[in-house]
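Both complexes shown next keep chain A, but they swap its partner, so chain B is in the first and chain C is in the second.
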Partner chain A sequence: MKTATLQKSDIGKCLDLLIQSQKRVIAPQLRPRLDSPDAIDVLMLTPLENGDNHQVGQGILPLNGVKEFLFVKHEPILAFENKDNKVHIKEVHHKYPETIIFGVRPCDAASIASQNAVFSSDNAGYNDQFFTKRLENTTIVTYSCTTGDQSCFCTSVGLEPDSDRGSDLHLTELPDNTLHVEIKTPAGERVANILAPLLQGEGDQAARDTAGKEAHKNVSRIRNSHLIKAWLDDQSNFDDEMWERLGEKCIGCGACTFMCPTCHCFDIVDETRGSKGYRIKFWDSCQFDHFTLHSSGHNPRDKQYKRYRNRFTCKFKIYQDKFNAQGCVGCGRCIRDCPVNLDITEYMKEVDLKASLPNALRQDPDFE
Partner chain B sequence: MNIYQPHLMTINKVIQETPDIKTFHLVFQDEEMRDNFRFKAGQFAEYSAFGHGESTFCIASSPTRMDHIECCFRSVGKNTAGLFGLSEGDTVGFRGPYGNVFPLDKFKGKDLIFIAGGIALPPLRSVIWNVLDKAEDFGHISIVYGARTVEDLVYKREIEEWEQMPNVTVVKTVDPGGETPEWKGHVGFVPHILENEFAPNPDNTIALICGPPIMIKFTFEALDRLGFKQDQLITTLENRMKCGLGKCGRCNIGSTYVCLDGPVFWAEELAKLPKEY
Partner chain C sequence: MIEAIRTQARNLLENKEVDVIIGYAEGSDSTRTTPVFIRKPEEVSRLIFDPRCINSLPLYLNKRHEYPQKGWKRTGIIAKGCDIRAITQLIAENQLTREEVYIIGVPCDGVVSHFSKWDGRLHDGNQATKCAECDVHTPTDCDFFPGERPEVDRSAPYKVSAPQVLNLMGLNTDKRFDYWRQEFDRCFKCYACREVCPHCSCNICITDRTQPNWVDQAAHTKGVFAWHITRAMHLVGRCTGCGECTRACPMDIQVDLFNQRLKDVVQESFGYKSGYSQDEKPPLITYKTDDSEDFIQ
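Presenting the complex of A and B:
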């Protein structure tokens, strides 16, 4: 593997070089969360015009993940027109510009493989080109975390703050204000070639590993997750009292699913004006009551706690069973952004406790 | 290729089954599709009224009769209302076929009982005509069909046709209060009539069930009391779907995606799933 060293102060210049090479460059920036003069600036992955005001390596995690640049929030998948009493359909031709997402945190980068497992032809042979064509033209430049906040829990789901999964070019901050650069893929190499004027010699692998270990110590929220899958596989736990008790406060707003980098659910609707229209694919949420509602009025997930049970099960069982991929990357957005402080790691903790109880205790009828 | 792109089909014929249920006869506009389209009994498709959306229905016609495709639907939501308003000559979108199939090979030489409630007859009707068209391969055919009222029964003319066939027994019923003075069938819920009035012999028999989850539950219980084993019961589920391709995330029962792993399930497969359908 090829490595190099980059001055941290040269990140802006890197972004400028990439923009000058006619790529669409997306990086974290401070942006008002709402379209209002009073809005507070938050860290958002945003397309850049120049490298001046980037926030690469700053803060914990952008509010948005890379998801919205691959699995777009709202996009036409078909155009149609009613003309002379006949329907004409047309392919929609999206642009899939060559894109570099720069400064992606390792959790977000790891989530791309999960989304790809759903949308690519790996899933039953059906290739969602709107996702895969975007992914083909996207290069991910990751930036190791040096610390976590109180919601981060990547180390509880098998990731590390310096993981390079899903990365094309991986950057790790070293104490001497340089960046250790690892070229992981041919796409990463192409980016490195553009950045060549700024890259110096080989990277210091030992310093990089030390930095990673230091960062690991700063992820404070730690849960065991290795017993969860088997516990969920045990069908008798489907009716465990925990689901209703912990899920009681969920208000079903769906924020966790929209913020989640691995959530993939969507709806398909038609939007029309006059005789023309588009068929639109857009983000949906398994937390909404109508999501599974049958036309008969029957609803398999008729209570909010059942919908949250589905979400938790999707992360720790369904993703593995059905898509052979990781369901949760521990980014913590669903904890940070939940209006009622519902905490997925509380579920993890409870399940771990239940799963690690001795059998005799578990079978004791008096034990709750 | 865009996996969400439908084929265009022309409505050749509209049959008003009940006040809010219609059957469409559909023909592909593309000649190549007309010649090459194949499906098997049990599979479903996404049907769209352009400008209204897409809905999931089974293919209600038999793969032995390929001159057109049929679907049968109730007007309940935006897209089905849109479809309901279409007439002969109009265009609908069609994506499919999707999902697994009824394993007809495993039914060969056996007696078959079809049990359906209301709008759930169309998924079984595909199989019914399929086996009737190959009657030499199968034993006796029974059809136990019920709806809320006499007016809500679909395929009324075909039911009469089936009643005339020598190797077919039709048991029809309507829910209490749904009968008319002229009604000659039973009055009572499907599982009750099945168990107490029809009481089929389980020997060398397969029961195919389609209906709302509550009907499937009670029908399984009734068949169990009649001596049917789990490997003699097969059903098709009708979970809400959007994509039909295992991506949109709403039809799952635990790790089982009804669109990819179903919609056809043996009772023993169903028993292994969480009770969330």
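Presenting the complex of A and C:
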């Protein structure tokens, strides 16, 4: 593996070089907004016009993940027209510009494999060309975290703040304000070639490992997730009292699912104007009350807590069973953005506790 | 204060005067609180109240959340002044009767605008703007209140609380449209603004109806505008200004600016302030022969 060193102060120049090479460059930026006393600073992954004002390596996470640049919020998948009493179907031609997403956090980068498992793997049994063509033309430049906030929990789901999974070119900040550069893939190498004028010598692997270990200490929300899958596999736990108790406050919005980098559910609808229209694929959420509503009126997930049970089960069981991929990357967005502080790690804690109790205790009706 | 509330809550549950008490408990980290449903007297020690208690709990009293099916005959609720205005509005709209709810009022000096701004105390830098204009720091209508409740004159008209409303109204329509187009570009229609609203009462929202499909479901410009304009119009004269829609928005879009502007329009046109009377119906759901007709040219 090739490594190099980059001055942290040169990131803006890196972005400029990439933009000058006719690539679409996306990086975190502070979102402009009208003045408001209630305003909070918000980072967004944004297509850049130049390397000024970037926020690569700043803050915890951008509000939006890389998801919306691969599995986009909405897109037409075909066009149709009713002409002369016949329906004519037309293909739609999307543009898939060569894109570099710069400054992706390790959790977001790891989530790409999970999305890919759904949209194109053998397990999924289908190749979603819209997703895969975008992915083919996208290069991910990751940036290790130096710290986490109160919602981050990547180390509880097998990731590290300096993980390089899903990365083409991996940057890690060192205490001397330089960046350790690791070239992980041919796509990463192509980016490194463009950045060559700014790259110096070889990277300091030992310093990079020390930085990663330091960052690990700063992720404070720690849960044991090893027992969760087996507990969920046990069907008698499907009606455990925990689901309703913890999920009662859930109000059924889709914030957690839409913010989630691995949530991938979508709906398809025909939008018709007059005699023509488009078939549109757009984000859907298992938290919506009509998500599994049958045409008969029956809904197998008729209560909100059952919908959240589905979400939790999807992350820690269904993803593994069905797609052989990781369901949760610990980014913490669902915790940060839940209006009622429904916290997935509270479920993890509770399940771990239940799963680690000896059987005899679990069956004791007086035990709580 | 909290001890008096806990004692009252315990008494209510022990005497079976209420089936449940909806309140606030410590959240999953130190900056947050969470809604909690207390059913057992021994659990009342979980109840807390401080400036982190942002949520508008009356949303759980809306019939949409099926509280009657849960067997709650009478519900106790910890409510700030603004929450009591929401309850009053729910009663005015027949979502519940006054007898079905036991209101435990709390004195409130204001809440933080966003949990991430909490640094251990409330100050000008982190207080929600709605609190600066609030005339119900001491609540209007409650069954229990820890302490004295002095009479307060609440006849003053609503004030527009966010300077952005005025800033936006100062722009020409094209620029204002551009502002919203830019903001709504981030909207992905998670409907957190709808679900968190105490006054969104429809069992099936018009955006979820597919036969016919009234509102485009996808989050493209048209679908997003259609949703937000629908939401704003359905809340005219009903929104009590809790600001939960903006707080809940994971994409940080200030959707309540619509509601704040419409609050002024309703006041100018009908002299109506929502959330102050259980008997007076919102102007857009009633018909009066002496209604102003000056919009018909």
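Just so we're on the same page, the second predicted complex is superposed on the first by the 355 of 368 C-alpha atoms of A that agree within 3 Å, B and C clash if a C-alpha of one lies under 4 Å from a C-alpha of the other, contacts with A are read in each partner's own complex, and residues count from 1 in each chain.
The rule is simple: a residue touches a chain if its C-beta (ideal position, glycine included) is under 8 Å from a C-beta of that chain, and two chains touch if they have at least 3 such contacts.
Small disclaimer: the values here were computed from a predicted structure and weren't measured.
When the shared chain is aligned, no partner comes close enough to touch A:L61: not chain B, not chain C. In the superposed model, A:Q150 lies in contact with chain C only, and not with chain B. In the superposition on chain A, A:L171 makes contact with neither chain B nor chain C. Judged by the touch definition given at the top, the superposed model places A:V269 against both chain B and chain C. In the superposed model, A:L159 lies in contact with neither chain B nor chain C.
Contacts of A:L18 after superposition on the shared chain: neither chain B nor chain C is touched.
Of the two partner chains, neither chain B nor chain C is touched by A:L48. Annotation: chain A residues 267, 269 touch chain B in one complex and chain C in the other. By the touch rule above, chain C contacts chain A in their complex via residues 27-37, 55, 59-60, 65, 113-114, 116-117, 128-129, 162-164, 167-168, 179, 186, 188-192, 194-196, 204, 208, 210, 213, 216-220, 223, 244, 246-248, 250-252, 254.
The touching residues of chain A, when paired with chain C in their complex, are 31, 34-38, 40, 42, 44, 63-64, 68, 73-74, 150-151, 221, 248-249, 251-255, 257-259, 267, 269, 271, 280, 282-283, 285, 288, 290, 333, 335, 337, 339-343, 345-346.
Of all residues in chain B, those touching chain A in their complex are 1-6, 8, 48, 50-54, 74, 76-77, 80, 89-91, 93, 212-214, 238-240, 242-243, 245-255, 257, 260, 272, 274-277.
Contact residues of chain A toward chain B in the complex are 77-78, 80, 82, 85-87, 89, 91, 118-119, 123-124, 126-129, 235, 238, 264-270, 272, 277, 279, 281, 284, 286, 291-296, 298, 300-301, 306, 310, 313-314, 317-318, 321-322.
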